[in-house]
Structures are given as structure tokens and as C-alpha cells.
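The same chain A turns up in both complexes below, where it pairs with chain B and then with chain C.
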Partner chain A sequence: MAVKQGKAGVCSDYRVKLSCAFMGLGQLFCRQFIKGALLMLFEIGFILFLIFQGVENIIGLFTLGTTEGVPIMGIEGDNSVSMLAWGITTLFFIAFFALAYHANIKDVIFTVREIQKGNRVRTFRESLSTLLNQKFYVLTLTVPLVFVCVFNVMPIVFTALVAFTDYGGEIVPPRLVSWTGLQSFKVIFTMSEYIGTMGKILAWNILWGFGSTFLVYFGGLGLALLYNARCLKWKRFWRVFPMLAYAIPSFITLTGFCFMFCDSGPIVGQLKALEWVGETFTIISYDSKWSLRLLGFFCCAWIGIPSVMFLATGILSNASKDMYEAARLDGANGFQQFWYLTLPFVLFATTPVIISTFINQFNNFSIFYFLRPETVYAPGYFNANSSDLLINWMYNLTVENGLYSLGSALSLILFAFMAVFSLVAYVTSPAYKKEDTYR
Partner chain B sequence: MKAKTFGLCLMAALAALTLTACGERTGGGTFTYEELMAKFEGDIEENAVIRVLDNQMAVETGHLQEVLDAFNERYAEYNVQAVDANMDQYVDLEQNGPDGYGPDVLYQANDMLMRYAEGGHILPLPTEELDIAEIPSSVMDAYKLETYGLDLYYAMPVAQQSTVLTYRKDLLPENWEEEWDDNENGVPDMVETMNGLYAYSKQVKESSSGSKYGLYMSLVDQYFNTGYLLSYGAYVFGETHDDIGLAADGAEVGLNLFRDLAGVLGSTCISQNATTQAATYLTNSAGTAFCTIGTPDWLTTFRENLAATYVRGGMSEAEATAAAEENLVVVAPPRLPTDGDITKELTDIEGETFAPTTMGGVNAFGISAYTKYPKASLAFVKFVSEYENLRWRCEALGAVPARLDLAEELGGVSEMLSERVASGLVYMMPSTRDTQYIWDPLSSLFNDVATDNTTRNTPIYTTEEALKGALEKLVSDIRSAMAVGNIS
Partner chain C sequence: MKAKFRPARAFKTALVYLLVLLVSFIFAFPCIWLVLSAFNAEGDLLTLDGFFPETYSLETFRRLFTETNKYDYPRWFGNTLFVAAVSCVISTFLVIAVAYTISRYRFKSRKSLMKATLILGIFPNFMNMTALYVIMTQLHLINNLWGLILLYSSGSAMGFLVQKGFFDTIPSTIYDAATLDGASDFRVFISITLPLSKPMIVYTALTAFVWPWADFMLPSMLLVDKSSWTVAVGLNSLDDSEFSIFAAGSMFVAVPIIVLYVALSKYLIEGGAAGAVKE
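What follows is the complex of A and B.
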């Protein structure tokens, strides 16, 4: 209570009120002239930005333009997409300014408190020194934070906002884009073609996500255990092969698989020549569903298992040999040792890896993009094929057909699904619940 | 607390300011013909650098560079530099133009260029300054768009595209005149009628255990295969775009014909790659394929490939080139049976068959609305559409000219195709943005039906109703794509 009263007392000081009214004013009255002047310049700069550009940008964010361009007459008009981007950027500037304003008030409160305690006010040099020494983490984390905001958060916000516009199809600059609210989501959830396609693709995508993660994870773990086995000779020699599979760029591997398994490729040709399959046998064709999906699992295992294997090999090398020795003395067989010792140990260490593998596999664009190189849409699917994942469908909608707002709405749905899954999976995982078990 | 209140007040003030500032939207107004063409008046810009986008063949053969050099030489006094845009030939001006990228002058087909025209991305051209007297009005109309109440033309037609059949004379059976010329007109039946081609393809495939082909082409190519539907009564758009006629009565007959054809071509042709493969198969020393169906400009590539094959076989360059030219023959697409049954043997070719309708298009040079040098760009368009330069292009690239007088002078394929256009046997790709929505559903349809008669264990398109259903599904898919395109 005493602290609160003290804080209230500081806040009622005229210098704090001055800094609340204008950045740096309070600092000036605390005789921190350089800091105060810099903060005032910062606010003046921000106000000038708002006057000359910022307000216009914010208005543009709401209107998305009012004058349509006529390129054939050289009349530029408003570019809705740029206005959206600049509007978002300005909002970020405002948020950054608000944070700086908050820091300015905290700073003046600190200084006034120091004065009230009878301490000497810090000089500008001392303030800088404090920032470099005692608050170095703030300085070093701010730069990457700014980069994350510019290169990650802002594009994500931009993409998310596009979902609430009519951008795409016929509405591209110079035509003006409009805010359409939930129209894109309504299209996805009400147009029979979309909802049907989305249901089928989502079901397959979930199966693919879990199936491929299971395959890659346990395949990699199994291979690591195999290479770790005492009875295996020339371990280094055997480890070269998964390393090769891992080192070759995945799109080259996938292109190779596509050629090997296509109708005119050697595998199907040889199977037919040997008369092991009928003349109509095919793996990659227009209406291939499960044959192509299974091939996808195979390719995914080929590409993904080595990385998990290397990871598991490293983790297994840290496993306590005493535990296994004790288990052997207690009469545990090989499977029991794996089930009760190895698996919990590896699972604990790799839960975040499993989650990231699941997210990667769920959004694995390249597998079916390269295995089915041509754009063909299957019956019962809208702008998609039976082996397409949501990410492939999104690509078809946006890049192939220019339906940006729909693609964006779909990506928001996908993001929501992945965020919920990741959170639930992590919170319920041993890595989160039993954090101290292996420490 | 007060600081927070102050912050909230500031945010609220900003939000209120922005909301009150929302204004009415205004269009670009209206313009007269003179105003629209004003940018082309006067001398061409000095020191202009114009980026020219041409098709891949023009780039690969070096023809584009020769044209650029010739143009730069002619306009040397203005120091104009026309350069290869060095972009993908299907670059999307709609996406790149507003961002400041994209070419100044571009060569594309009418469906693409007119999509740009509808979006305001290419400039209407001053036709009074262009040499269009010898271009048929049906061809010019492919580039006509009503804008501000005026009929404006948005590109300069250069070449026509449609379907032709190319075959190798040396692969004809020795006794073709006795066995494969029923009507004794000196034209082999296998290149005259689809029934003959079907029978010959079947015979070649069976006798070679599947290692050779009569006809080899992509079964998923929408452009060429849509002709089978068009020949039996289908159309793309009627009076309005709500009227999609690809499932019109009779189209199912054409689709069944395509299905039969797919059965003899096989599953390896159910791929876009088959188009590339055809160029190899038709020109290799083994003679893997007897013929293919494509556009006339492919002939240049075929001739080069075949000449290279002959050179490898020991001929001199000159002999090989002459032999390749002599050996590769381009003819009109084969006649189709009236009842759509290509599996039967014809007894009266004239009476039982008809000349097919094929999909066609007009390739033209357009000028980007985002160009900084409209006068220099127009000068380039005028330059390439001059009679002599057009002839140069047609001879170098095997293109069929849009000009009637040049087509007549060149004869051969050019004349044949011009006659087909004049006879209404070439269905021009609709010059509208909505055309973009037909291609993917058409490709899926052809994939589906071709698969049905090749690799599908339980075929489903064995009845007229099933085929009709597939066409109705096609129309429904196109409608959905158009609806979504308009919503988005």
C-alpha cells in the first residue's frame, strides 16, 4: 500500500505530467536536456509523419482507395494493395510510438523518484551506459524484434487482412479493392464446391499429418536404434546412405520418384513387362488416389527419416548406460527396455521436434506438387486433386487462379487449426508436464 | 492510469478521424478517342529502352534478337534500344504491370491480351496508323473492345494459330496407295480421316507391341482436343457468358470420339509432357511416331530435329535440311465421321465425314499501359507488322500470318489455315477474361475421359448419358470458377 501511495505521489509530480503531455518535457525539467531533446524530437518526428503521411495511410487502410486509376491514360489512381500495406505499417509505427511513449513515462517516473530520494540525476552518458550494460538484453532483443515485426508479423497481418477483402480474381489494381467482411469465409463454408472440397482435403490432410509424422518419427528412431546396435558392423558405412538421401535436395528426389513411378517410367513398365500387373495398372494418373497417397508416404519417409535418425542418434548417445544395465539386471528384455526406457527418454527430448515435424508435414507443399506435376483437378474437388493437401489447394487458389482473398481465408483457417493443435499437443506432452524429469 | 487514459483517448481520436475521412469512390472519368491516342502523337522518345516480350521460339531461334537489332538500327537517330524482356512468355502483366515490372511490348494470344485490355493493362492502338487493311475483320475483332463508348483495338494481329496435322512421309506404308487411299484422291486415308488415323494408329501400335505410334499427342491439351466438342455442336460462350455451350447437344458425340482416340493412344499420352515427347518421337531415327496434331509453328522445331537426326545418320547439313523439309508434311486436321464413330471402316469418305472445327487464336503485339515510352513501343509494333518483316517472321518461325495477302503469297499451311478461318472452321478463342476459367476444367475433363479408356479398371463413360453428365459437370465447374472469380 505504501508503495502504491509512493507511486501515486510520483505520478502527480508536474514533471511526470509534462512527459505525459509531450515526450521528453519532464526529462527537460529534470535537467536531462539531451535525453529530453531527443525524446521531443522523436515525438515531433512522429507528429510530422502523421501529418504528412500517417493519417493518410490510416485513412487509406479504411477506404482502400477512393480514386480508380486509368493506366491507359497514365492516371495512377489509388493502389488498394499498397494502401493496405502502408496502413498496416503505420499501425505498427503507432504501436512502436505508444511503446516508446510508455517507456518515456516510466523513465521520467524513475528519474523523479530518484530526485525525491535525494539521488543525483543520471547524465545522458550514464543513461547510455546503463542501456549498454545493465539493459543490454533490451538493446539486443529490440533489433531482432523489429526485424520479426517487419518481415514476419506485418506480412502475416497483411495476409490475414486480405481475407476480409475482395482482392483477387477480377479485383486487382488498378481496380479498387474493398473490405467485404466475412464474405470469403462465407464462400468457403457455404458454396457446395468449397465446403465439399475442404472437408475431403482436410480429412486427408489430418490423416497425412499424423501418418507421415508417425512414419518419419518412428522410422528415424528405428533406424537410429538399428545403427546403434552393438551387433552392427561398419556403422559409418551404413550411415552414409541416409546421409545421401538427406543431402540431396528434396525436389530432385521427388522429381526422380515421379519419373520412376509414372506410366512411362521404368517401374510401371517393368511390372507390366513381367505381367505382374495388368495393362491398366497405374500409380500416378489423373484419378490416382490411394496409389499416389501411398507413394507420397513412401517419399516422405525417404526424405524425412534421415533427419530424425540423426537427431535420435545424438539423443541416444546421451542415454544413461546405468539405466539399461539396471534394467538388464532386473530381467527386462529388449522390447521392455525400449518401451520403458528408450521411448520415454527420446519422446521427452523430442516432443517439440514431433510437433514441428507434424506442422511441417501438415503443410508439406512439395511432396504432391512434384509427384503430380500437372495441374489437373479431380471430379468432386474444386480446384484441387484427391492427393492435394490444404497448402496445395491454397496454392491453386492463389497462385494458379489469383483468388487471393479466398486463399487468405483458407490460410487463416489452417493457422487456427495448427495453432490449437500445437498448443494442445505441447501442453499435454511430457516435455511440458514433466519438465524436470531428466534434469 | 492517467497515461493509459491518455493513450486510449489518442487512439480513439485517431480512429474517429480516419472513419470520418472515408470518402466517395470515383472512377477514372470518360475520354475521347483523341485523348486516348494523344500519347502516341509526336516524335518517338529519345534514348528510350523498350523491353519486348516475344514467344519462346522467337527467342530460341534468335529471330527476336535479329528483329531487335534491325529495329534499333532503323531508329538509331533516336537512340532507341529495343531489348529482349527476358521474361517467361506467359508473364502475367496484370500482376507485374501495376508493380512497375513487365514488358513494354508483348506478344501473346488474344484471350490473354484481351484479359489485360478488360483490366486496363494494355493500351488501345491508333489503328489509322497501322497496316490493317489486309487483316480480316473476324481477326481484328478478336482485339476489339468497347471502351468509353468507342470501339477500340488493343493489339496488332500478327499470326493465327489453329490445329494442323504433321506427318512423316517416309513412315507411310509402302503400299499406302493401294491399301490406304480408298477414295483414290492421292491423300493417305490416315491423314485424311480420323477413322483412317485411328485404324492406322491401332495397327502400328499392335504390330510394334506398343513401342511405336501412329498418332502421338497430348490427350490433356485443352486447346487441341476441344475441337472434337466444337465440331459436333459445342461452343464456349453464347450471347452472354451465362450461356456456356460446351455441353450443347452433340458435344457428347465428340467426347466419345476423343475417348476412343485415347484408347488407341494410351496412358503415356495423358500428360502435358506428351507434347514435348511428340517432337522427339516424330523426328527420331526409329520413327517412333508417324504424326502429331499441333500448331503450324511447331514445324520449324520438327524440321530442325529431323535434320539433326539425318546429320547424325551421315548426311551433310544441306542434304539433311532439304530431306527434313521434304519429309515433313503439314495438312489440315483429319475429317471426322458424321456419326462420331472412328472405330468403323468408312465406305464413302465424302459422304460419311466432314471437315472438323478447331479451336483457334490470334497472336498479336500489344503495348503495356505501364510503358514509359508509348511512341517508341508503337514504332516497334509498326515495325514488326510491316509486310516484309511479317514475312520474315513467318518464314523464320513457321507462323501463319494474320494478313490475307501474305498468307496467299506464302501458300501451303498459311493459305490452308486462312481458308479454314474464312470457311468458319476455326473457332476463335473468346477474347474475354472469362476464357481463363475454361482451361482447367477442360483439362480435367480430358484427363478424366482419357483415363477412362486407358488405365481405369471400371470405365464409367460408356454410355451417352455418362458422357453428357461429364460435359454438364464441366459446365458446372466453369460456372463455379467464374462465380468465385467474380466474388473474390
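What follows is the complex of A and C.
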């Protein structure tokens, strides 16, 4: 009956009201002394933080500093960038506190209900043991969640906010940064050097994304089928070779290939010695376009194919043998077996792999970063090269040239595009919908 | 019954071997080239005769370990090993815990957590870099190897989907039985789940080790002093006149992972597939 009293009955209890007013008060009146005291200490700590630091941080987030520093005269002004960072951190603290407050109210409602039902109130020890059992997930998820919030979510929020300021170029601390709204986006979409460069890079980036995903995925699948062939002996031995490519760190592979294909390297040297190409032939130089792009595809295949191959090998070993036996009896040839049995099965099993391969390739920073060591920009491009992907361009804008707000705005545009694409692809994939099928 | 010689099958076998040989050559050649270049008597890339050195010697290796004022390779190597080993332990622990939790428990924000992870994963890594640099400066973790360890551990915690896919395959009846016998959830995890998921843990630990071991972006941004560099940053600072130093230095980075991968290839293939199929 007590449960059916409904929310109103519980909520009007004085202990619930007390906990709404101050964390832990209600728990104290429920005779949960340790828990109540801990919660009250928590709120007091938070209030102290707000008074001594928090309010200032929040104001700083809005003003981004008021006194400009002049280092020569020894005047220490406000550092807008760190103010932005601390402002965001404070917002995170407040959000976390709100969650804790909510949990505190829910907890006291639960306890009051138990009391009204006539049950004994939980001791502190019992509360802890609940944490080990029904609420085990709270225990395991808290630390990673905090980590991810600090080192993944916060930087993203920071970057997103920087897109709406004028941070970058001349305006870096000690000069004051200020909010400028959509100014950066306007610059990107209206200034011809930006929009022109973006069009060219985006077209190449899309071609690269689909091309390299296709290459890596089907290359890996083909290789897995090849190494699975029944007539092949010593399979374990042959698999060591792609394993080599898989294991070598990509910065070594790419720098190695760069040395191999550069002007003083053996490939160009040999081709010249054989007089197959002219004296001016280069593969990697500041204005080479398609030669470097093709080299990119080659390196990407060399690095990426083995990992897909091993994945596909594992999946193929799960495929049912009966299926193939039946197909053979019905007279299907090797190609038909591949097309109607192997491919659909592997495609189903690896949808998430295709998505993640596409995302990784679309944002493959390292390929062209390592293959083109000099930072001379190509004609017709603004701070970029003909082989650069969007992510390389963003790197050039921000890290190399310090145009932070423009780079951030660009990354927001790219991010919106990628997020919608992969979320739709992921949510509509059968693997996500039928998550529990194998239980 | 002895198999009859069939031309079609023989042709197919020959084709398969030809292809396998070709593929093996493509994968092996750059590695052989790099290894032999490390034994080049001269350091410069231009001194190669065609693809391979004219005279072989161990001079490069002596320089690699003794000329520490120019390239402090032993130090870089130690730094890399430290970062990779510590982050491997922390990340493995975190990833397994998160994946198990998400797979085993049904709680309110579960699906939205998974979607959020996916979205966070899309955000280009280095775009956070300016922000990360600011945050790390505020936390006084620039030039500090522990800063890198923190970043790797938190980054890998988001890659739990493969492991979650694996845990999904453990039948829930096992858990129910254990719970009926009065085991706490923590007990169940330690004494039932962990032993069952040995291949997955090996897979997780291996991938968690290799990322920091081979990463270039984060250390190149956060480690400014030459003495705190990792091997990746150090080797990348060499130009083509020091090519054999690069080749020799790379060997010590690549060989341990290759040995690990080849030795654990069984786990690697099983682990990756187990997660992917039911992800």
C-alpha cells in the first residue's frame, strides 16, 4: 500500500524537503549519519569552490579577460585561453554537482519509502555493499567516465567554443581573445581562398575516403580468401608476411616509404639509371599531385590490408561448412559461392568494421603527413597541398600557422558531417539492432 | 584412393602459390630493405648502391648507442617502454571493466553512452590537440611522461566496443547460476568472466601496448625537451643523411612488436573476430 501512496506522499515528507534544501540533511534525519555527513561535506566543499574560484571562472568564460598584459612593462594581464579552459572545467563541475544532487534526492526518497513501508534503514556498510552488487556499473564506469570527460569531451568543447572566438593569428595571449560569433564560419564560406581550397580538398578527401576504404576492405577480404585456399600448405608461415606489415608502427613504414620514393631514394634512382624516366622525374615534391596520391593509396593498402585480412580470417573460420557443402552439391562454382555465401556473411559481420575503416581513412592524418615532409604549399591552395586531406589542412591551419579559430570552425563542419554519417550507418546496421541475438 | 591429376586444379594451385609469393614479396621487400640499410657502412641514403648497401658494417649500431649527445636513443627507448608498459596495464584494466559493464548490465543511460562513444570517436584526434595542449599546460604535464599515460589510458577506454561484443557472447545463464550460488557481482567478474576471456584480454593488452609504443602525434606535441622524447619523435627528427640511423633505430622498435604479434597471432585473430561478429 505504501508504495501506492505515490510520489506526492513521499515528496511532502520533511526529510525529502530537507535533502532538497541541502544535500545530506534528509539522510541525517533518517539516521544515516555517515552518508549524510559525507554528502554535506561534499556540498560544503562545492560551495567553497564556487566562492573562491568558481564564480570568477564563470565570469571569465564570458569576458575572456579584461586587462591586457604587457610583458615588457611587467604587467601580468588575463590569459584568455586558460580562462576559457577553466570556465569550461567549472561548467563540468557544476553539471557533475547537479547530477550528484539529483542522486541525493532520489536516495532520500528511496529511504523514506522504506521507512514508510516499515523496513529497517540501510546502514552505511549495506549501502557500500549495494555498490558492489546492483550498482556495480557505477563503480566501474566512474573512473573511465571522468577520464574521458577531462581528456576527450573537454577538449572537444574547448575546440567547439574556440570556433566562435577570434583566437589565432595575431590574437594569442598575452593579447585578449574575444567572442566573435559566427565570424570564422563567415570567413570560411565567403573568402575565395578558403572556399576554393576547401572545395578542392573536400573533393579529393571524399575520393580518398571511398577509394581507400574499398581498397583496404576488399584487398583484405581477398587476401583472407587467398590464404584460406585449401591447396595452400604452410598457412601459418605465409601469414607471417602480412603480419610484418601489421606489426611495424606506421610512422616507421611511412617514413621508410618516403625515403624509398623520395628524390635521393632508390626507386627514383633506379628508374633514372634504367632511363625509363627523364632526369626531372619525381614522385614526392611540393607540386606533385597524382604521383603522391597514388603512392598514398599504395602505402594505405600496405598498412591497412593486413588488419582487415586478419579480421576476415577470424570471421571466415566461423562460417558454417555445411552451407558450402550444400552449395557445391547444387553445382555452384567458386565465384558463385563467394558472391552468394561468403560476401553476404562477411558483410553482415563486418558492417561496423567498414564504418570505422571509412572514418579512419577519411581522417587519415599520418599518410600524407609523413609522405610529404616539407611544408611548402602548392599554388592554388591556401596553406595546403594538393594531396592534403581536410585533417592535414586543419593541422596546417592550427598547429603550423596558429589560425586556431578557423581550424576549429573547419573541424566543426567536418565533425557534423561525419557524426551524422556514421551514426545513421551504425544505428541502421543489423549488428546494432540485433545486439542480443547471440545471448 | 589417390587423387587424380587434374589440370584445372593444378593450374589453380599454381595460381594461388604465385599470388601468395607475390603478396609475400610485396610485404617483405620494404622490411628487408630497411633492415639491410641499417647495416650500411655509410649513413646517407644516397650511398646505397641501387637498393642495397655496398659495404656492410655494424658502425651504425655503435653510433646509435654511443653518440648520445646527438641522438639519445637509449633514453628515448626507455621513455617509450615506460609509457607503453604503464598505459598498457591501465588501459587494459579500464577497457575490460567498461566493456564488461556495458555488456552485462542494463541501466538507463546505456545506449546513449554507446552512441556518445561513437560520436566522440569520430572527432578527429588531433583537433583536440590545441585544447589538450592548453589543458596539459594548466595541469603542468608538458614534458611529463605521465601526461601521455593519462591521455592514452583515457583514449583507450573509449575503444571498448570490440570487447563488449566478445562479452555479449558469454551466455547469461552462467552468471545467473553463479548469482544464485551467492557470489557477488565482483566475485562473478573475477572468477568467471576473466578466466573465460583470456584471448580477449591478450588482444586488449596487445593493442593497448602498441598504440603508445607506435604513436607519433601526442608525444610530438607534448614532449618538447629532447630528453623526454619517445623513439617515434626522435626517429622522425632525422633526415635522409642519417638514414641508416633511422633504419637501425626502427629495428629495435619494430622487432619486439613483430615477435609479440607473431607469437600471439592466434589470440589476435580470434580476439578481433570474436568482437566484430556480434558487435
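Following the convention adopted for this analysis, the second predicted complex is superposed on the first by the 416 of 439 C-alpha atoms of A that agree within 3 Å, B and C clash if a C-alpha of one lies under 4 Å from a C-alpha of the other, contacts with A are read in each partner's own complex, and residues count from 1 in each chain.
As a convention for this text, a residue touches a chain if its C-beta (ideal position, glycine included) is under 8 Å from a C-beta of that chain, and two chains touch if they have at least 3 such contacts.
A quick note: this is a predicted structure, and the numbers were derived from the prediction, not measured.
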- Task: Using the superposition on chain A described above, determine whether A:Y426 touches chain B (first), chain C (second), both, or neither.
- Result: second
- Message: After the superposition on A, what does A:I34 contact: first (chain B), second (chain C), both or neither?
- Response: neither
- Once the structures are superposed on A, label A:S264 by its partner contacts, choosing first (chain B), second (chain C), both or neither. both
- Of the two partner chains, chain B (first) and chain C (second), which one does A:L347 touch, if any: first, second, both, or neither? neither
- Query: Is A:V277 contacted by the first partner chain B, the second partner chain C, both or neither?
  - Reply: neither
- Item | More chain A residues in contact - chain B or chain C | C
- Using the superposition on chain A described above, determine whether A:I72 touches chain B (first), chain C (second), both, or neither. first
- Message: In the overlaid three-chain picture, which partner chain does A:I206 touch, first (chain B) or second (chain C), both, or neither?
- Response: neither
- Applying the touch criterion given at the start, work out whether A:L226 contacts chain B, chain C, both or neither, answering first, second, both or neither. second
- Touching A:L311 in the superposition: chain B (first), chain C (second), both, neither? second
- Query: Which residues form the common part of the chain A surface touched by chain B and by chain C?
  - Reply: 262, 264, 404
- Query: Within the complex, which stretch of chain C touches chain A?
  - Reply: 9, 12-13, 16-17, 19-20, 23-24, 26-28, 30-31, 33-34, 45-46, 48, 50-51, 94, 97-98, 100-101, 105, 107, 113, 115, 118-132, 134-135, 137-138, 150-151, 153-155, 157-158, 161, 168-169, 171-172, 184-186, 189, 210, 213-214, 216-217, 221, 232, 235-236, 240, 243, 246-247, 250, 253-254, 257-258, 260-262, 265, 268-270, 272-274, 276-279
- Counting only contacts in the complex, chain B reaches chain A at residues 1-3, 6-7, 14, 17-19, 21-29, 31, 35-36, 39, 94-95, 97-98, 119-124, 220, 267-268, 270-272, 369-370, 433, 440-441, 443-444, 447-448, 450-451, 454-457, 473, 477, 480-481, 483-488
- Task: Over in the complex, which chain A residues touch chain B? Could you list them?
- Result: 11, 17, 20, 55, 58-59, 61-63, 65-75, 77, 79, 94, 98, 101-102, 105, 166-176, 183-184, 187, 191, 193-194, 262-264, 278, 280-282, 285-287, 374-379, 382-383, 400-406
- Over in the complex, which chain A residues touch chain C? Could you list them? 81-82, 84-86, 129, 132-134, 136-137, 140-141, 143-144, 147-148, 150-156, 158-159, 162, 223, 226-227, 229, 231-232, 238-253, 255-257, 259-260, 262, 264-266, 269-270, 273, 302, 306, 310-311, 313-315, 317-318, 349-350, 352-353, 356, 359, 363, 365-366, 370, 391, 394-395, 398-399, 404, 407-408, 411, 414-415, 418-419, 422-423, 426-427, 431, 435-439
